[in-house]
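Pasting the structures here.
Note that subunit A is present in both complexes that follow, paired respectively with subunit B and with subunit C.
Then we have the complex of A and B:
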């Protein structure tokens, strides 16, 4: 079965979606990502969709599912590289992607995750200081 | 899904803008999936339109599945009898210039969409 490669970059996992996903591939990706989040202690998942010419409700549901699972495992999901025509179409389709953050490109997405890591580091110090 | 490539080619030929191409391909993708998931499979036909100076593309999705008992409900955003988000039909309507459904319980469903330049 085809599987989408997941790269670990710092505290983040990077997934690049290239072509049409079939149901089984999408499900395998959700599973692989959740395992990797735990194993790598990742704080964020970057999903690069710049290669996608369209995003329909099927892909949208997959992104929302991934974000939901990642959230449970204390990781943020940032979708990066959405094409302008795709964004316009998604709004008209009525798809809002709850819980999914977006960034213009992978660099900015990574910065979002990095900031989150820095913040949670501060929180941890602060909490420790209160004891 | 090969339907996307065919719709894209027809939309390009009709001179649709990139945004309009994206809209009609997305609508077609939703309806093709419905035909498979809910209609038990079927087929799509694509027509290039020319009316006066206007060009466009029309796509008809047909299946001989269970039909839709309550079309108004099915068209409501968020309505689903499956595990989807219930956005396919309402979204396809929103993304098209023309949209119609003919359906009969036990016989099948035909959804027609068109997008003009």
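Then we have the complex of A and C:
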């Protein structure tokens, strides 16, 4: 497995991180996500990290990078499913994940993105059709 | 990683399969999914297999099992993102995935489940709130 699948759901792109992220996988993910945001006109990126027991500075930096790129492309990044222990570690490491929003679970993260879509008045273009 | 994360999105549960499924992981997934269907009152299970280059008879059987259990619990199972080569192999293996619906991608699979929810008149209870 060298690529993490990205799913388009409404106006959001959804990524579930389940495996250890090596350099090449992380870089491929960043690239794939950037391309998909543009191609799909996505307004948000949901990254589920509920499977991760450890988030080190490498993954923290990757999340911040993805959020930075997504913001340039006018999309929000929401990290969901963070374990309490991971939150504690991130704070201890001094990683505040700049530009990254968080939500307790995928459903709330999706709601956050839908709200943003509704606020920007793009509802008709995206999401509304399928849901 | 011994458990595959299950995300609740509207009336559906979403699973992305990215790793090789050993017996224990597959059994844990079946169990977790069954519990989540009941707990969340889900009407559908979306299984994304776009990361899988090979689907052997073990995975085929697991998908059929999940679909069987889900049906007992009144939920549809939709497999999405199947690669053309995988479809060819499944047919060659004589695995017709009984009880499993398929859709080209997650978005269409989600639409399939939403339609089923709408038809059964349960729209107000589920999905409608967040989307």
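What we mean here is this: the second predicted complex is superposed on the first by the 120 of 131 C-alpha atoms of A that agree within 3 Å, B and C clash if a C-alpha of one lies under 4 Å from a C-alpha of the other, contacts with A are read in each partner's own complex, and residues count from 1 in each chain.
Throughout what follows, a residue touches a chain if its C-beta (ideal position, glycine included) is under 8 Å from a C-beta of that chain, and two chains touch if they have at least 3 such contacts.
Here the structure is a predicted model, which is why all the values come from computation and not from measurement.
Judged by the touch definition given at the top, the superposed model places A:18 against subunit C, while subunit B stays out of reach.
Partner contacting the larger number of subunit A residues, of subunit B and subunit C: C. Once the two complexes are overlaid on the shared chain, A:85 sits against subunit B while remaining clear of subunit C.
On subunit C, the positions that touch subunit A within their shared complex are 1, 3-5, 7-10, 14, 16, 18-19, 48, 50-51, 81, 105-107, 110-111, 114, 127, 130-131. Of all the residues in subunit B, the ones that touch subunit A in their complex are 1, 4, 8, 18-19, 21-23, 25-26, 29-30, 33, 77, 84-85, 87-88, 90-91, 94-95. Here subunit A touches subunit B in the complex through residues 20, 53-58, 60-61, 64, 83-86, 88-89, 92-95, going by the rule given at the top.
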